[in-house]
Amino acid sequence: MSLVAQALREAVCRANLDLVARGLVMETFGNVSGVDRDAGLFVIKASGVPYDELTAEHMVPVSLATGLPLESRFRPSSDTPTHHELYRAFPRCGAVAHTHSEFATAFAQARTPIACMGTTHADYFRGDVPVTRPMTREEVDTDYERHTGLVIVETFTTHQLSAEDVTAVLVANHGPFAWGHDAADAVERAAVVEYLARMECTQRIVAPGAPKPADYLINKHFSRKHGKDAYYGQK
Amino acid sequence: MSLVAQALREAVCRANLDLVARGLVMETFGNVSGVDRDAGLFVIKASGVPYDELTAEHMVPVSLATGLPLESRFRPSSDTPTHHELYRAFPRCGAVAHTHSEFATAFAQARTPIACMGTTHADYFRGDVPVTRPMTREEVDTDYERHTGLVIVETFTTHQLSAEDVTAVLVANHGPFAWGHDAADAVERAAVVEYLARMECTQRIVAPGAPKPADYLINKHFSRKHGKDAYYGQK
Amino acid sequence: MSLVAQALREAVCRANLDLVARGLVMETFGNVSGVDRDAGLFVIKASGVPYDELTAEHMVPVSLATGLPLESRFRPSSDTPTHHELYRAFPRCGAVAHTHSEFATAFAQARTPIACMGTTHADYFRGDVPVTRPMTREEVDTDYERHTGLVIVETFTTHQLSAEDVTAVLVANHGPFAWGHDAADAVERAAVVEYLARMECTQRIVAPGAPKPADYLINKHFSRKHGKDAYYGQK
Amino acid sequence: MSLVAQALREAVCRANLDLVARGLVMETFGNVSGVDRDAGLFVIKASGVPYDELTAEHMVPVSLATGLPLESRFRPSSDTPTHHELYRAFPRCGAVAHTHSEFATAFAQARTPIACMGTTHADYFRGDVPVTRPMTREEVDTDYERHTGLVIVETFTTHQLSAEDVTAVLVANHGPFAWGHDAADAVERAAVVEYLARMECTQRIVAPGAPKPADYLINKHFSRKHGKDAYYGQK
C-alpha cells in the first residue's frame, strides 16, 4: 500500500471504531469506507470482524473501477458493492457509513422518511432524509448488494435530490446509509440521522400532525453551516 | 466434575455475566444454561445468587435424563425445568438464555409477537419471534416451570416453526427465552431480541400498520448468515 | 447516637447513594429513611444536600412518636412528615424510599396505576401499584407533607390493599414512594417500580388494551418469592 | 480581562462542559453565557469549538451595550445576539443556556409547550414552559439570531409571563433556552427542561388527556423552593 492509502486505512479504521463509541452499532453490524479517487480505490471494513479486534489491516482496499478487492487477506464487507455504487454515482462523496442504528432503522422498517422538522436537521440536511422503494425479487436474488446501491441512487434521481444537500438515505426494511467529505464526517452524519430519528419519534407522540418549518428557515440553517455564505465556527 | 463439564461451567458463567454487561438483567432475574449432550448433563445458574458474586462454582450440573441436580451445594435456578424441556424438545439447541429484558418483556406482556420487519431481524431469525398462549390454572399450579417449557414447545408445534430458524420465543406475560449453539450465542440472540423489540416499538409509533418486508428479502438475509450458502464473515 | 442508630444511619446513607447509582434521582430530589422501632426513631436524609457530599452524618434522627428531629445540626428532608405517617400506619414497614424517577413519575402525572401485567411485577407486588386521589386545597395549604402521607394511607384503606402485598404507591401529580424490610430493600423496590413503569409504557404502545394475566399467575409468582412457601433463592 | 471577568469566564466554561456531562449536547451544538452587569459585559462560548478542546479562553467577552465582542481572538457563538436580547429584556437573568437536547427539542419541533403536569415541574417553573410562534421570513432573513431573542421576549409579553417564574422557553422548530441566577443554575434548568419533556412524553403515551394539577399544588411547590417563604434545603 502507498502511504496515502495507509493513512486512509487508519482514518477509516478510526471511523469504524467511532461507530461503536457512538452507540450506532449492534453486534458486528455496520461499516465505514473512505475513497481515494486519485488512487482509484476505496477501503472498507472486512466482513464480520469483531470491533474489539479491528485494526487498520482489516480495512480492505477495493478498486473503484471494478469493485473488486485489491488484496486477498480479508474478505471485504458484504455491503461493499453498495458502497461502490454510491462512489460511482455521487462524485463528491468521500466516505460512506452504514449502520443498523436503532431509531433510524425503525424508520426504515416503517418505510417513512425522517422529515425535516427543525433547525437541528437543517443544520446537516437540506430537507427530508428519504426512504427507498422496496426492492424487487430480481434485485434481491441477483447482485443484492449492488442493487441496494442502485436503488439508493434511483431514489435521489426520482425525487430530484442533490446528494450534496441530503447526505443520507434509509433503505426500506434495512437501515440508514450516510456519506460525507471523509470517514469522520460520514460517521458524524450517521450519528445525526439517528438523533433526528429519535427526536421525530418523540415529536410524533407529542403532536402527530405537526406542521413542517418554513423552507426559509431550513435554507437559513443549512447555509449558515454549508457553502460560501457559512458563518458558523471559527473560519 | 470432568474437565469438559468444568469448561462448560466456565463458559456458562461468562455468559451469565455477559447478560448483565449487556443490560439485559433486572436485579437477580435472568439465567443461562448450556448443555453437554455426550455427558448427559446441562449446567445452569444457581437460584437468586447476586451477579457480582457469581463464579463457575455457582453453575449447577443437572441430569439431562431426569432434570434433577447432580450436586447439592447450590439450588439450581427455579427455571431449570423450563430449560430442561427445551433441551429435550429441540435436539440442536446447545444453550438457553432467559431474561426479563425491558422491551422484549413488554411485548410478552402485550402478548404480541416481535414481527420480522427488516433485515436486522432476518439476519438472526427467519420470521416473527412468536408468543405462547397464556398458561392454564392447572399448568401454573402444578409443575409450573416444566409447563412453561412445554407451552413453548407447543407454540413451535402449533405454528409449525423450526426451532433452528426461529431461536427465540416470548412467554405470555412473562418474558423472552432464546437459544443457540452455545452459551455466548444464546446470549447474543437474547440481546438481539431486545434490540428488535426496541425497534419495533419505535416503528409502531411512526407507522403502526407498516407492511412487512417480502419473504424473499427475509430468506436472502437469513441465508446470507446461516446454512451452506452463507457468505457473511471471514469463512 | 447509639451504636444501633449509627449502623442505621450508615445503611440509610448507603441506600440514599444507591438511589443515585441506580439513576432514580434527578438533581437533589429523592430521599430514603429507615426506622428502628425499638429505639423509637427513624433516620432520614437532610434536606437538599448534594448527593456527592452526603455522609452518614447527614442522616437526621427523628422521633417516631412526635415526628420531630432529635438533633438540630441539619434540617431533615421536607418530606419527613410523609415518611412519618407511613411508619405509623404500616407497622411492618422498615424503610421508605421516595424518588421522582422518570417513568414512575410520568405515571403519577398521568394519574394512572402501574398495572400488574406480568411476572416481573408479580415477583415484587401482588397487584397494581395504585395512585392516590389528588389532594385538596386544604391538605396542600396546611401540613402538606403530612397530608401526603395520609392520602397514601387512605388509598390503601379505600382500595382494601395490604401494605405488605403492595409496597409502593404513586402520589398523584407527584411521584412514587416504595417501602420494604430495610433501606436497601426499599430502594430495590423503588428501582423495580421504575422498571415496571418503563415496561408498561412500551406495552401500551404495542397493545394498548392488552388483557391482564390471570390472578393465579400473579399469586404463583408472588408466593414463589414471598411468604412461607417461597422457593426462589438459596434458602 | 479583570479578575472578575476571568472568574466569570471560568464559571461559564465549566457550565458549558457540564452541558456535555449531562448529555444535553449533540456534536458542537449548545452554548452557555453568563453576565456581569456591573462590568457591562457577558461572556459566551466561541462558535463551533469542539467541547474536548474548550477552555476559559474560548469564552468570548461581549459588550452588554452593543452586543459586539470585546476581543477578536475567537468568534463568539452564532447565537450571541439571542443571548444579548434576553439579558436586555430580563433584568434579573444572570446566565443563559441553549441546547438541542433530545426531548425538549422534539417538543419545540412539535410546537407544543411542556405542560406543568406535576410537582417536579412546579419545583422549578411556575407554569408551562411556553413555545414561541414561528418566525417570519423577514425575521429569519435579516438579523436572524437577534430576532430569535425578540420572539422569545414577545412570547413572555404576549402570554403575560414572568421571566422569573418561568425561566425557560422553546423556540418553535429550534430548541430550548433556559436561564437562571448564574451559569450553573441555567444549566441545571436546561437539564430539568429535558427531564420534564421526557416525562411528559411518557405521560402522553399513558394518558393523553390527563388533567393538570390544581394551581394551589403548583404554587405550593414553587414557593417551597423559591422566594421568601422557601423551606427546602439547609437555609
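Labels for the chains are A, B, C and D, by order of writing; each one numbers its residues from 1.
As a convention for this text, a residue touches a chain if its C-beta (ideal position, glycine included) is under 8 Å from a C-beta of that chain, and two chains touch if they have at least 3 such contacts.
Just so you know, these numbers come straight off a predicted model, no measurement behind them.
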Would you identify the chain whose Cα-based centre sits farthest away from the centre of chain B?
D
For the C-alpha superposition of chain C onto chain D, the rotation angle in degrees, rounded to the nearest 5, equals 90
More than half overlap in residue numbers between the two sides of the chain A-chain D interface, or less? Answer same or different.
different
Based only on mean CA positions, could you tell me how far chain A sits from chain B in angstrom?
33
Would you kindly tell me how far, in whole Å, the mean C-alpha position of chain D lies from that of chain B?
47
Among chain C residues, those touching two or more other chains are 200-201, 205
Can you tell me which positions in chain B touch chain A when the two form their complex?
117-120, 123, 188, 191-192, 195, 198-203, 205-207, 210-211, 213-214, 216-217, 220, 224, 231-234
Chain C residues within the chain D interface of the complex
26-27, 29, 46-49, 74-75, 78, 100, 102-103, 105-112, 134-135, 137, 140-141, 144, 172-175, 197, 200-201, 204-205
